[in-house]
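Presented sequentially are two complexes of subunit A, the first with subunit B as partner and the second with subunit C.
Up next is the complex of A and B:
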């Protein structure tokens, strides 16, 4: 075993770190009204642009400082996590169900089904994804369900492409042929024999997709097209931070760190799941 | 053989473009907001609205509207922007060069950074250096361009303010350019003062776009190099007394590069897709920034035009990559 591999193996704690961060952020989001030190919407112009706790001029109870309207940054981040996690789970699962189903059908049945589905995937891949998302939300109207729907409509192709290729590979294996000889129907084989063998890939992609959904939601709220402007979102806080960057850098730094940690954690999880399920990589 | 492949690809490309046109047209028409009502002052009468609807062809059925629009597109007429009241094609061509320049500079950076990292990683394979490269490229890959852009704004726009964080060029400068390719034209005109100003604006958005792609290149090229480095002819070169770096650059690289080249082609379309939000982040006056404004203003003809131009760009890049692959890959060339 070479040195690089030893170092890589030693890094399995980062899986625990990733899981720990996601659990912490998720719990904080779920119990936001109990955990958040302040009302995330309460404005107080006497408290505008307070710095984080270790700097001069900080106020107790406003740990990460306040924005230009005097709203508590930590409380806004905690409440913003609610939107982020709802979108991450709902959009990723929706994209996964649609994409994996179509991918399984295209890969296992082949022929016309494959040709039509692959053509639709080609068309989808010719759209710039961020522009497509912004366009869809503008069309569907802002709101939580629009954001979830838009992400699912765009990102199902990620699942479809991978699962199609895997299902295609699986359906050439001997065990599928044996099941056919044993008299199973084609849909039965697809669901009972092929599907369980592509589940590891689906699970890994699902974790990656949750990270992507968090980013897309942040981008949408950054251009002010996510949910109603009152509710705090990570992207919305970033947009405020980008504007007041020279007066209050913390309004940009903390949501940025939150987003990076969350995205890295989701992708670490995805990678780890892929390795765990893959006998060759393991 | 190659010609046949090319013609089939050309045909599927046209079908894809037609599909994109249909999808974007349908998506936009189901929008609940009325773009005409938004254009007129609050006191406008129904007759005014009706006249304007007829002017933009919005009084016909969706299918009629689609074919009127499509027949215009085929003749190069993309319609008139509702919010800017100018020819859509003109507006798009005015902004496209800025986006292309940004994307090409970002691509070159990604190849330079990713290629160097891959060669270093292959040379130091099995050491702590390689593990460090793996971790760094893994992180660079997981963090998307939008977040890299914000990190760069904080680091080099605020903490150490050496680069500009908004715009394409300093507004007070007198620009002698005849094309919209400011950066390339400034190089050709040897106006390096302008090149420097443009670069100061372009560098951070370009790096933000380049980093995830650089990470992918680093990972894949390093993997291919490591595989090639165990082959007999490379071992022979090593026996001849070449240093490891020479072996990689002179012998291994050209045989390991093909998978990476194909990947770069596909990833380049993702990079161009990323310009939309990165341009917004840096207030860079490109096509993507205009696209977001068009969506916010519900400017239907402009949105359609921009999306179609992006789609055309994507399928053209895929076509070129496919043809390059066919030309470079001996198995397909003789197959």
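Up next is the complex of A and C:
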């Protein structure tokens, strides 16, 4: 008990810092048209490569400077967050539902179900993920739904492997045997007895996966395979920033910082949530 | 009136053909405590699991039948068998740490079974569970019902499990070394509780243990098991007064005594074990001939 309380106290700032950043970024993305200081697509060659506000030559209203076409960087980051979060939530949830379901079935039922699912996972994991993603998007065609689908198709195995192992461990526990004796059906036991015990892991993985989805989306838009419209994406901004790194470093650095903070926050948030969901640690 | 549990000639094998139960026969009368005693690996727990229908998938029953209050478990379709076992039996497990679901509160875990499997109303189930908690001398049922398993001590958890086992009024309870995982002072209390509830409810118990001292205290009948074979079945009083099988005698001699704790510590006699090995080899030979 005491030990658990200590862990909880130590974890708390992590939860609040990570959650705070995510909330801030999420709200900014949702209310982008209201909070973005400029139109993210408006080009003005008179204002190209303005530095961020604390450097000489900065213009008021362009807090983080502008890119080589004179577009406001902060506004582009805020609008880019919309796509990042949509992809993060949709892809992670899709991967989670597919992977956790298969993992639960493989781990709890064992036998043939486990053998088939585990072999598929083994084969799946033999593909290099980023190349696989690029290949999938090339086949599915660019666009938001293709990106989401590609990430879900690649990353369900993460959930499957972990949840399988956890469900397998839980299934050997006496309380599962007790439920069998009491006369519960197999599916009922899987959902009522085993599932609640793997929920903390699912939550942690889900949050981690959101961070991974943000990275994959950034990679795809970096190689220009994400969404094909003009909407700004973090990966796209990074790709543009790379070209003008010597003239305007901020176009590369700020989206990178945003990306890193977001991905880090997702993983930390997940870990902290896991302990919250676990009655033994709570 | 038919016996509560009647096991006849039960044999089980592992995947590699090794026999783990060797033509086991035993009968538990209604309201009787029948102890299954033997060393670890003798197959005591296996018999309990076979009765409850939760043998590991590596163990296969190849012969014999089990009747629960006259119903032949082997002849029932799986679903009807599960329902019958669920309604008429319960388990008091060995390890109270793993026998409760760690992520669910005690209350719902106890009432769920009554409501979902036996179709009781929530109120009736709640009342029943509180009554049973009172019988196992839990004085603050409100707190316990709201607790998660890890918030209770081992002894408390075992009380909860005993209450849960008796709650559905089963005809037969399999108690699988229910005191082994507990410390010595708690063991006695738990044993007394099981005995008291058993008398009160008139439930038959198949009591699996390796402890002859426990056998003497709680049971009316004993089956002594060695290597999956019943070497002696007798009334408890008769067994202790005049054990017939040399292995039983040897087992009794091996039990430490308080008067001379160290002098009395001796392993089971070698010649007895050699005799047993021969007995089992002969039995296996005889068994294999018709079974290929």
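The rule is short, and it goes like this: the second predicted complex is superposed on the first by the 261 of 282 C-alpha atoms of A that agree within 3 Å, B and C clash if a C-alpha of one lies under 4 Å from a C-alpha of the other, contacts with A are read in each partner's own complex, and residues count from 1 in each chain.
Basically, contacts are C-beta pairs under 8 Å (C-beta built on N, C-alpha and C of every residue); 3 or more make two chains touch, one makes a residue touch a chain.
Model, not experiment: these values are computed from the prediction.
Comparing subunit B with subunit C, more residues of subunit A are touched by B.
Contacts of A:175 after superposition: subunit C is touched, whereas subunit B is not reached. Applying the stated contact rule after C-alpha superposition, one finds that A:61 touches neither subunit B nor subunit C. When the two complexes are overlaid on their common chain A, residue A:33 makes contact with neither subunit B nor subunit C. By the touch criterion stated above, A:143 is placed in contact with neither subunit B nor subunit C.
Look at A:193: by the touch rule set out above, it reaches subunit C but stays clear of subunit B. Legend: residue contacts after superposition of the two complexes on their common chain; A:20 is shown touching neither subunit B nor subunit C. In the superposed model, A:183 lies in contact with subunit C only, and not with subunit B. Comparing the two interfaces of subunit A, the one with subunit B and the one with subunit C have no residue in common. Residues of subunit A that touch subunit B in their complex: 2-5, 7-8, 11, 119-120, 122-123, 125-132, 134-136, 138-139, 141, 211-212, 215, 218-219, 222-223, 225, 238, 242, 245-246, 249, 252-253, 256, 259-260, 263-264, 267-268, 271. Across the complex, subunit A is touched by residues 52-54, 57, 82-83, 85-87, 89-91, 93-95, 98-104, 112-113, 116-117, 148, 150-151 of subunit C.
For subunit B in complex with subunit A, the residues that touch the partner chain are 12, 15-17, 19-20, 23-24, 27-28, 30-32, 125-128, 130-131, 134-135, 138-139, 141-144, 146-147, 150-151, 153-154, 157-158, 165, 269, 272-274, 276-277, 280-281, 288, 291-292, 295-296, 298, 303, 306-307, 310-311, 314-315.
Note for the complex: subunit A touches subunit C at residues 1, 111, 173-175, 177-178, 180-184, 192-193, 196-197, 199, 278-280.
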